[in-house]
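For clarity, chains are labelled A, B, C and D in written order, and residue numbers in each chain start from 1.
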Amino acid sequence: MGFLLLVIPLISVLLFFLVKKRLFLHVISLTASGLMMMIALPLAGDVIAKGTVEYAHYGGFFYLDSLSIIVLDIVLLIGFFAAIYSVQYLEVDVRRGKLDFGKVRLYYILMQLFLFTMILALTVKNMGIMWIAIEATTLASVFLVGFHNDRYALEAAWKYVIICSVGIAVAMLGIIFLHLSSIGVLESRELLQWTALMENAGRLNDSTARLAFIFILVGFGTKAGLAPMHTWLPDAHSQAPAPISALLSGVLLNSAMYGIIRMAAVVNKSLGSSIYTGRLLMAMGMLSIVIAAVFILTQKDYKRLLAYSSIEHMGIIAVAIGFFTPLSLFGGLLHMINHSLTKSMLFLCSGSLLQKFETKQIPRIKGVLKMLPFSGTAFLFGLFAIAGMPPFSVFASELGILMSVFNEGSYIIGAVLAILFVIVFAGIATAMFRIFYGSNENKDLEPGEENIPGTLIIMTLLVIIGITGLWMPDPIIELIHQAQSIISGV
Amino acid sequence: MGALQIENYIQMSVLLFTIGALAALALGKRDRLCNLVSNGICIASGLLLMVASVMKLLGASGLIQIGLLRSTLPFLALEMKIDNLSALFLMVLSVLVVCVSIYSIGYISHYYGKRKVGLFNFLYITFILSMIFVFTSSNAVFFYIAWEAMSLLSYFLVIFESERMENQRAGTLYIVMTHIATAFLLIGFMIIYSYTKSFDLFGSSDAIPDTAKNIIFILFVLGFGTKAGAIPVHIWLPYAHPAAPSNVSALMSGIMIKTAIYGLIRFVLDFLGVQHVWWGALLIGVGIVSAVLGVAYALMEQDIKRLLAYSSVENIGIILIGLGVSFTALAQGNETVGALALIASTLHAVNHTFFKGGLFLGAGSVHYATGTKDIEKLGGLIKSMPITALLVLCFSLAISAIVPFNGFISEWLTYQSIFAYISPGQPGTNILFILAVAALGLAGALAAACFVKLFGISFLGLPRSEEISHVEEVPVVMNAGMGILAALCLLLGTFPLVIIRLIDGVAGELIGRSVFDQLQGGFVITWYSMDLTGTAISPFEILIALGVLTLLALLAIRVYGGKYIERKYGTWDCGFEGINSRMQYTATGFSKPVKIVFRILFRPSRKTEAIGGTDYYPDRIEYKVASESIFEKYVYLPAYSRVRTFSRKAKFLVQTGSIHNYLIYIFITILVLMAYNRFV
Amino acid sequence: MSYIIYIIIQILTIVLTAPLVNGIIKKAKALSQKRTGPPVFQMYYDLYKLIRKGTVVSDVSSWIYKAAPYVVFSTALAAALLVPVSTLVTPANSIPGDFILMVSVFALGRFFMMAAGLDTGSTFGGMGSSREAMISSLAEPSILVCLFTAGLISGSTSLDRMMTFMQGTGTPLTHPATVLLFLALLSIIMMETARIPVDDPATHLELTMVHEAMLLEYSGRHLALMEYGAAIKQLVFMTLLVNLLVPHDQIIGFAGAGAVVLSLLIYLLKVILLAVLIALVEINTVKFRLFSIPNLAALSFILSFLAFLQYFLMGGGHVWFV
Amino acid sequence: MSGLFDTLSVIILLTSFVLVANKRIKSYIKTFRIQSAFIALAAGIMGIQSITSEGRIDVLVVCFVIVVLKVIYIPKLLNRTYSGVEYKVEKDFILNIPILVLICCGLVVFTHFCIASIDGISQGYNDLQIINSVSVVMIGLFFMISRKKAIGQIIGFLVLENGIFITAMFATDGMPFIVDMGIFIDMLTAVMIMGIMVYQISDKFDTINIDKLNKLKG
């Protein structure tokens, strides 16, 4: 059953090569991503029931537990939404003569491959394969980042591929050292399998594991956009097409963060305390938040602004993981979910903005609320949400994280965090709010949404983040609790 | 009259409000109907709420608990708890809501066809709801959420007329300032949580060490002070309140800034418990500054609503002075004075709610009728809008602390509490107190000047511009809404014991000391202070005396002077042909002397330039006077620009765009981490 | 019952004496300038005449304009009710009112006066109100601090109790605090009652007039009421000064109606002396520029503040006199 | 036997030094080819060992793949790319050669300083090899920094990959087979993609000097 998740994208890629009409491309991608979501959501139920989902075939490399199912479901949910959004998004570009059939096909193929690599990364037990998959995500999404194929897109893509490949390579070094630390502890068939590592964590070689952790932190941190390895992120996110930005920001970062979490869990268990990893994670997390907060203040390009806000939130999650208390882990995982939903909604909105106004420059835009009555409103609310305003969901998780921080008695960090949240909010408010009001100068734009299904998606997401702020469904809470206990290894 | 019934009343009114909000959205297309329905529902549920809160205040003390929907988030309990303090503020809120909603029935009519009435009413009602939750939340997280929702909704109301650029700026400034303030509150809550492991507002704070309490107090003063608009963190207020539609400004200035006072009482006095004298002293200091500077800036304003907004700053200052006296007294264990001062400040909060709400509604009426808020363009409105003029006059007298209106009572109580507390032995606080007395006096006199200007320039004399020479009176509902408030001001001014009886319950519950038996009399209100023989005033008898004496004067004149012969004639124009409106004293001119006397505050600057013609006979002379707010010029703007430049520089310093730098970052990170790993 | 008597005595004394005080001040100034000057009873004649005249009302003005004179007059009298001319007739339980109320009542009158100044749309009225606003706001803090200190000394804010307490202390003017208070109140009277150096009651030159400018449009009975109100206000403040800081009822050994009459006579004597004193001050000072008035206000504020400090340096309490 | 591997690791380290010392892109590729050849040699020896000892052939397969990919195919690919983009002769490196080499020496020392102390490695029989190979990683990264041309960065990336591979090989007798294969596939795709992008860059920016790609900042 779960294998279908790995099969469907590949099949759909083949089908893409076969068909000749744009309509079929859309249909295939919708059905594929729809199917995958249909499959993935019930899996969560199994995980809650049985704790894990494993299959014996092929050396039993396929492995799902509550931690990975959380991230996986986010991937497929947002993948589905992005697929729906892409239809009209691409159609509009085709109508404007920017794309042809070949480009659309390329887009869908790469998108499915991108999803495939991420699913692979999340459903394997073997850290080596996970690494391969995460490296592959980069390769699959490079041309999506450079999709528009102008100078800017190309530059962004080059930076993306070089920096991420280097980072991931460093992560490989880390995995090797982890491997080294487990020599003589695990027997050969469970080498690099992190479940085994987790079980025997106590007997790993501490110092090698520590060395491994720093390499993995740098490596996956690069992919997760932690400062100071975040540098590729604003370029890539701002240049990619909106649905892809949504995927990159809402999903890819999470998958990388997933790697870090697994690793931190192992190392913490083998070291017996979270101080070592905690310090590093907190340092990088705070640095990311600071950088994001400072850069957002005077940002002129709204997609870059959103990208920096992603950096900020990855930093927040890193800090939460760093504290490694049950409450902070809970908050961190919750924050993963909330941030992905909110941020992907924002990027989809930005896509509508971009197609309506055809500029990314904030000063050139006015009267969004008039021009885009629905997605514009959603954008405004989303900005409030991402800045941590109640009753939206990001607020809840940020509150949880703050509580855990203060609970640990580290008041300074907590206070600094709270202040930084405010600075980010102030930056977003001063930079962005002006685009919503007033009325646009050039009159040839007529108000109204172009991307109807996309707008529906945006509205759905808005409703979700609006409700989950106060009332998160019990299964999810249950999942998060399980995941948290898995991470803390008790 | 058990607690159960009160509970049901409140549930009903909350439910009604919700229904009203939804109805407003549903009927969005049909402006008139939507407006009638939603405001009608507001009035009804407001009355329910008023009944419930009065019952609570008169009934036995104790908590009323009302659970709302459950939240699955572990650290959040959506539950209302109502004690006398909440009930008092709920009562004030409901009274104001009823009056404002009556007013809105007429006022909103100028939106018909132009704006989304449904959306406006939805925001309006949800704003009220959020304030109800702020006043009744039993748990800090719930409080925080309600607080933020309040800010958010009021932000949308402030920028409701968003096509004007200054409204957008005002809105952004407002939401940013209030969010920063909220961050301080959040930190405070978190520190509390880290010690008590709970967010319950009615729990005990014994687990919190003293230093932490001091820090929390500072944070709360910053946070709530910003919301209250206390100087120097007031800068959002004079921009935001004028930007909002007038009925919303009435709510914001009338009750929303009081949520901060509620917060200070609830969290500091009730939860933390006053620890040190300097807490009170700090509040008194802030209060003095706010009271004097607030009214001084108000006097300089030419825009009615900005003037009113600054005067709100002043009144918040007065409230804070009262609160500060209460804190100081409590910190030194003098519960009687503590209770008295608490009553004084809460009473002033109540009074200010009524007359300031009324004044903003009046400003709304003027704007509704004339289309301008600029005093310099108004004049002579008393002839075309007699009722509005009369009501505004009442409110102006009330806010200038003049008998027989309610503003005087609360100031009298504040004076009395200070008087009762000044005693030998603590020179420091004594000097602060006497300064507070001076500040109160100065603020009162300046307020009188300020509102003479407001009333005199805009309602008396000749019309200062063509278009307002033929306006007509506003619809009767609007005047009805204001009329109720004016009647309340007079009632509470002449029979203050009515309201003091209610507030005494608050003091009794919070401080455990009821001073009602020391404040006696129905017509005469007596304060038996310091077990000396009491000091009594009787606004009612003064009112009677004024009436009788006027009659006597009339009688005497009639007897000695014969019948009254009146001759209408033009105003003395020094023999010129016909005096015209340009010759009248302007609002700027009216406040000029004060401006010059207090030039340190205003940095007045003037510029005269002769345009065209010869030096001796220019065609046109332009004369500009400007006065600036020192805080904006010397504190906020520099800080803001510094931050922005820093961010701009840092951005390009780090994100250089060269991939080599990016790789170097990674490289150095690896090296540093390896070294760290080596040494740890 | 005693309350009624008190009210009647108060009103009669104040109403009858107020114009006389004005006359005395004018007379004293005239004499000091080697003029005969108007008779001391001149103001009575003026008022009588004004009342009988018809009145001209500006066609710009509204009801505020006509209401103002009555409000000013009645507020002045109502305030007078709070300042007993003789503590022998004050009702057993205190008068329901204190100096805070008095200030507020005066504020009511002033509010209407300033509004009326703006009502006629004339430039002078506006100018008068604006200046009045400035002066009053400068005077207010010092009045309050001054009376507050006196109240603290005597342990109550209600004026009759304060006066009774002061009598208990023998001759208060021997104490530095009260001396300072005396000077402070004197300068306050100068400010509040439109006297030189703040304002010149005799002028009608628009550059200098403050109080007169507001009355410029008034005529007939309205003017009479305004003038009368001003006179009463002045007398009230003088009463405050003399009865509070130079109490006299304690020297009357016996009780009964005779005592009341005697005390009233002494009161008149004190008031006349004070009037002469005020005249002297007026003669020996020049009128300030409008913007030097703050100096005078600051002076009076400092005086009252010093008095406050004195009170505490002496250890405070209510026992330091005896 | 480990002595032989020590020698090999040192030689591989030296080749990376040579790489840093190179000036021309042609010679980058040549040096990379040599380095890969030595790695293949090491892998081959190790493979024979493992066959003789425990009969695993996967290491030999890995060695074969290395020969095919890194010694033959990728250098050819890079040569084609390089001759495909027109290339102005200009100074390619940021600092001059001697300083670069000195810095690389410093890197080796630093790596030794940081890693040799880690007991999990130092008590093992193979710490010299690990130190050398980690230094190769570092040098590869540093090479990427020091070169301006796109192809230079690709080479740097490949050397980095080589370093990682030999680290794996020396430290743990190679990763699990599937992982190794996956790594190779990834690397191949990465190099191909980069190659394509080099073409695009050179016709969009008509240079392959990466310093020209600095429009996106702030």
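Everything that follows uses one rule, which is that contacts are C-beta pairs under 8 Å (C-beta built on N, C-alpha and C of every residue); 3 or more make two chains touch, one makes a residue touch a chain.
Since the structure is predicted, the reported quantities are computational estimates derived from the model, not experimental observations.
Interface comparison, B-C versus A-B: the higher count of C-beta contacts falls to B-C.
Using the average of C-alpha coordinates as each chain's centre, C ends up farthest from subunit A. Subunit B and subunit C have Cα centroids lying 35 Å from one another. Averaged C-alpha coordinates put the centre of subunit A at 45 Å from the centre of subunit B.
Subunit A and subunit C have Cα centroids separated by 79 Å. If you average the Cα atoms of subunit C and of subunit D, the two centres end up 100 Å apart. Touching of two or more other chains is recorded for residues 651, 655, 659, 663, 666, 670, 674, 677 of subunit B. Within subunit A, contacts with two or more other chains are made by residues 158-159, 162, 166, 170, 211, 234, 295. Along subunit D, residues 115, 141, 144, 153, 210, 213-216, 218 each make contact with two or more other chains.
Across the assembly, chains come into contact as A-B, A-D, B-C, B-D. Against subunit D, in their complex, subunit B makes its touches with residues 651-652, 655-660, 663-664, 666-667, 670-671, 674-675, 677-678.
Partner subunit B is touched in their complex by these residues of subunit A: 158-159, 162-163, 166-167, 170, 210-211, 214-215, 217-218, 222, 228-229, 231-232, 234, 276, 280, 291, 294-295, 297-298, 330, 369, 384, 387, 389-391, 395-396, 399-400, 402-403, 405-407, 409, 411, 414-415, 418-419, 421-422, 425-427, 429-430, 433-434, 436-439, 470-474, 477.
Looking at the complex, you find that subunit C touches subunit B at residues 48, 51-52, 54-64, 70-71, 73-75, 77-78, 81, 93-98, 100-101, 103-105, 107-108, 110-111, 114-115, 117-127, 129-131, 133-134, 136-145, 148-149, 151-152, 155-158, 161, 216-217, 221, 224-225, 290-291, 294, 301, 305, 308-309, 312, 315-317.
The residues of subunit B lying in touch with subunit A in their complex are 69-76, 78, 141, 144-145, 148-149, 152, 159, 162-163, 165, 168, 171-172, 175-176, 179-180, 183, 186-187, 190-191, 193-194, 643-644, 646-648, 650-651, 654-655, 659, 661-663, 665-666, 669-670, 673-674, 676-677, 680. Those residues of subunit A that touch subunit D in the shared complex are 126, 128-129, 131-132, 135-136, 138-139, 142-143, 146, 149-152, 154-159, 161-162, 165-166, 169-170, 172-173, 176-177, 179-181, 183, 188, 191-192, 205-209, 211, 234-235, 238-239, 295, 299-300, 304.
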